[in-house]
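Chain nomenclature is as follows: A, B, C, D and E, assigned in order of appearance, with residue numbering initiated at 1 for each chain independently.
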């Protein structure tokens, strides 16, 4: 028994390899075994890895889905049964992996991020999905509890569906396709959020609008970080570097690759749009400042000279001839009106009014 | 009959694959069959796909043009008759594709965007054009109703025209060339719009000018997104990686490739120009703010000290010797003029006047 | 006669292929035929293409220079005589081409831009030069009237000059070299202009300085656009991919390639410098704004509290004890001086004075 | 004896090759020899190089760890004994090297930086680690005194550990892995610091926040400079270009390569975040300025016209009818309230209140 | 005699090929011939090229150093004797070359820039160094008078030095190494300058600090321009594409290549640091502006309403009840204090005080 020793050694390994959060067994790890071929379909929810392994031999395609990585031991046992290298098990359990594809010799190992958009906080959550694709089996490991792959089981249940006629590689494609479709959902909601923010920018932009734009920009950084390596992963699968992927499935993978290009296009467009919005926010700030300063300047420039004039005739000198004039007061009003009109003309020429 | 099942399965597929908008049959999908060789030319507007297919055999070149993708079923039938993969049909019907070229084995599949500039809203609209290029046929699918390919039919009608002497590949070239020429039209109008905005920037820039620049910049993001993949598509066609494209046609495609380089050059130049305009707008804002502040500062700095002086002699102290002076008032005017002239000199030295 | 039909078809082609501007025959297209070998030199200015073609056979090297593209028909005839493809003729006549090199099989086709700097408007003008390089001939087409290639004819006249001993490829090199040398002239003048603007920036920058910097920056965008593809064109010529270029000439072309690298280096340096100048202009604006605001703040902060004090004792209350004091007025002056000095100390501590 | 002469020649070499700082022998260079195979483990702290060399022959793997590069002579002797080129010795002693991998023929030479985060100054310190990896030995040179490799010795002491079963290449991997793990620690602390600064940015950002962001940004420049070349180094080791690295170890190195990709991802994300924070700081400054100016403008615009009114009736003209009015004072209060309310309405319409 | 004719033709060549500045023979070009092998060393300062050439045959390695390119004729004669192409001679004499390596067949031609930092003007000066490396000789051409290569002669004089045992290629390496070491000196001084400017930025940044940062940034543009092509030059030498470079010397050249990578790293780091400093300068400007505006706003907001109050009771209405009150004056002081304290509370809540 070599592998347990290796697993023990995992403990020796660096701190960036934690047991997944919430590993406290508050909800048991669910193991779901799906077995099917063109004629039959069987779906079993099992308790232990041993039970699960006893089911794996008969049919053409077996799919073992591990929902929520709470039970590191179960993952280790499953890995052992399928001959996975300890480093691969470590990658499955470490949920901060970068999306990647590894050829393990007899099987393929895919790490990919499932994304979802939280409409409350406007944050993009991600969950790590790991797939091991063998000739007749697919192992899938979900980071967080939640029946994300239900739509695929629905498709599998339908007799005559293409997915029933094809092999484990097409099943893996369908799982990845489901995840990538989620990216489009997220992008759509980001697009809506951008439109909302644009409206806010035009009507009444506050500093909260600014924070929201910055926040969304940062979310796009994370999105991009999850989506960028997808191109390599799916590209490599589609190029058929591994004989695990049949010719028939490759055309679907290439179509999926087109989707990832579209995703990256959208991400870049959104980033450009958000940058443009930030620029616009800043120039609207400057614009408003100009507006404010104009008001201040007009008022001050109108009244400060006039106040000087009134101050002048408020002086208490004994000998000020104007004060004694019959029409001195009217004369001052004349000056005031003159200054006023001259200033107005000046502002109009400057196009400030 | 395998393919209908596959078509049914399209329904299983992700939501980003909608039926094209306006698929409500309010205007029937028009099918136009054009058949020609060097001697003959025939143009038939048919109702049903079956009728259309019955016409396809005889002449050297057949061009089936589907105007407006309203009838997904008709597209499916046509695809079936020409042996197109369900994924290709899906790509034709999904009008958010990225421009691309796919070698389908016996034929080539090209997705390309037709662009047009709306002079009212200053927006660039795009329409997806899909072409299937076979040895003796071209299928063209237009997203939106509108006789975009009429000029090509005009050229085909003229006996002795080069396009009549050459094959389906040259017809496809002519269609793509027509679309790419539309890019130049759009660029020309964008160029005019930029000139208008530049004039506005110099004469009287408002915050609307800013919005217009931002809006145009965003339009260029979308334009670039449509134009960028063209280089690969046309480059690959021109390199003659497929034997579908004859040697004779390749020289025209390489010429077209030069056009796409010119387009990308123009797009990049326009982007640089728009960025420069934004910078200029911002610095003109700062300039104007300086201007406003200068006026305020000059007025305030001139009159605030003088108002202090008048305030001084407006005090009601019993014992203020100056008030009793014979020439006290003249003395104050002297001070006022002195301060005034000193300030003017100061501003002149600072080059504010 | 196939080609005339093709030429006719040029009319079918897209609008971005206009006849060159000023094609109104106000000055006739000049055709200059130069024939030389090591011993002989002959220079003939002819009227018609026919006359020109009758001269083309005898000597080792023939150079036909078409000055100003006003006579599309003459170009077409010449092209026909030398077996040029209609697309090449179109490229010659369309003066918005991107610089490029094309191998036509029996000859090479080079499009290149001649640049010149207008000292009045500070704009860079460009003229399209097209060269067709055959084994024993060079055809050159100048867009605009003007004897740009006179220096080459001068060198050719000198007996024993290297250019006389070498073939058509060296003549083509000499023509391109002459054009590229013009780039250095332009760069030199741009460099001088940058120095002028830098001086203006330091001494008295106005908004005109800003416009001039932006204008020059835009000129550099156009310059770069013309110069960038040169590297590929001259690089490909120098690598000797065509057997038209002899080993002996290649070393000169590689030297020319070094020149284009120097040009691109200079362009990038100028762009960086202009960007730095814009940054400096903007920060000098902010600096000046700070300066202005400081003056305003100092004056306002000094006098507004003092004006309050004078206002206080300008009130007309019946019972204000200070007004009756013997030294009330002196007391107020004391307050005024105190406030004044305190403010001055404060400003000095803030380093505003 | 050739090498001493070469070493002497090191003195001829440029000034950027200093003896490591603190070479003043205040603490002796510690030499630690570790010898192990699957069964045995031995750890000896020796004084002289000679003693050290006498121990090197017997067991399958020997690890000589030189802690602190204070004794250049000892390094030279060790290098001589292992046949290292003088330039390699120079690289070991020059602690400003860039991370790199060199194939020395019979051994591999790796330079790598160990990073640590100083919680006090928020600076990232780096220490140069040089490794020489031979078929059965590893030489490690630490720049600074400190038992950085203790965890590896702990793992080696445990019987049955994988590290005991594998060769010198795995030992080298373990050492590099330990160093790279330190990068994650640093990144974690940088991440915490970024969060602190973000909080500061939202609650009360001062110019110190700005300095801290700039400081952290600069630290990331240095981090990136240390981490960037790691990808090549570890990538080259993992590709197994040298037969020194066994197939079994390569899978671990490829895993380590994934870690470096994650590190670069994080660095880029942090840089983007810091840039975003700077932008936000600047726009919050502008926002606050607008806020300040608004207050000033509201107050000035409210009271300056009113002060003019009071100044008007503070004039001492003999004939001012209003002054004699019975309700003149009330009338003025009416004007004041009117102006006041009108201004408030104006500000409310402008959304300034 | 073919070459003189060619040299004559240099006159025909473009204006960017000037004779080096200061070609006025005010100090004669110094020719220094160094001849050495492992046993012998000879150093001769000669007057004429003829004398120089007579010395070139005997020993294994001859180094001819031309100090200051004042005598174009001497360079031409030397070039002729060593069979250099006229274009190479032109490159040597044109001191605006880009660093480059050319394989001349029997020899290598290297152009490289020697950099030095002027502590007075803080400018980076550069001098062009051209080397011709033959199997047994090195020709070096210095642009400016000054004994830059003296340290190499010192090393050559020492018997037993490695440089004496190795060939012309190692001598060339030593010369280039000397020049590249100068880059580190310059970088060190730039680093010090950056530290000085950073201190100035924190303590008292003036607009001169801004100018100095911009100036240094521009110097780095020029530095980068000189250093960037070095990587190709030294990389190509180190890859041993020419058999002129022996295996033994290549390891030194690869070490030198590492140095150039370090240089580029430093340049990029410095550029990033300078950009960060500019950002910081600008945000400190905004900060200071906020500071200034705050002072103005506080003072104006405190006193303008109070001045209004005093103005109110300075009016001369006949019927103003408050004026007659016994404690009217105290009442006003009450209002004043109230307003004052309310404003202070407001400012404190806004964190302006």
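One rule holds for everything that comes next: a residue touches a chain if its C-beta (ideal position, glycine included) is under 8 Å from a C-beta of that chain, and two chains touch if they have at least 3 such contacts.
Bear in mind the structure is a predicted one, so any value in this text is a computation, not a measurement.
J.: Compute the distance, rounded to whole Å, between the mean C-alpha positions of chain A and chain E.
T.: Chain A and chain E have C-alpha centres separated by 43 Å.
J.: Calculate how many whole Å lie between the centre of chain D and the centre of chain E, each centre taken as the average of the chain's C-alpha atoms.
T.: Each chain reduced to its C-alpha mean, chain D and chain E end up 27 Å apart.
J.: Residues of chain C that touch two or more other chains: which are they?
T.: 286, 289, 293, 296, 300, 304, 307, 311, 314-316, 320
J.: Please categorise the chain-chain contact pattern as a line, ring, star, complete graph or other.
T.: ring
J.: With touching defined as stated, please give the ring order of all chains, chain B first and chain C second.
T.: Read cyclically, starting with chain B and passing chain C second, the order is B, C, E, D, A.
J.: Help me check something: in the complex, which residues belonging to chain B touch chain A?
T.: The contact residues of chain B facing chain A are 5-6, 9, 12, 14-16, 85, 87, 90-91, 96-98, 100, 204, 207, 210-211, 214, 217-218, 221-222, 225, 278, 281-282, 285-286, 288-289, 292-293, 295-296, 299-300, 303-304, 306-307, 310-311, 313-316, 320, 322-329, 332.
J.: Chain A touches which residues of chain D in the complex?
T.: Touching chain A: residues 155, 160-162, 177-178, 181, 184-185, 202, 251-252, 255, 258-259, 261-262, 265, 269, 272-273, 276, 279-280, 283-284, 286-287, 289-290, 293-294, 296-297, 300-301, 304-305, 307-308, 311-312, 314-321, 351-352 of chain D.
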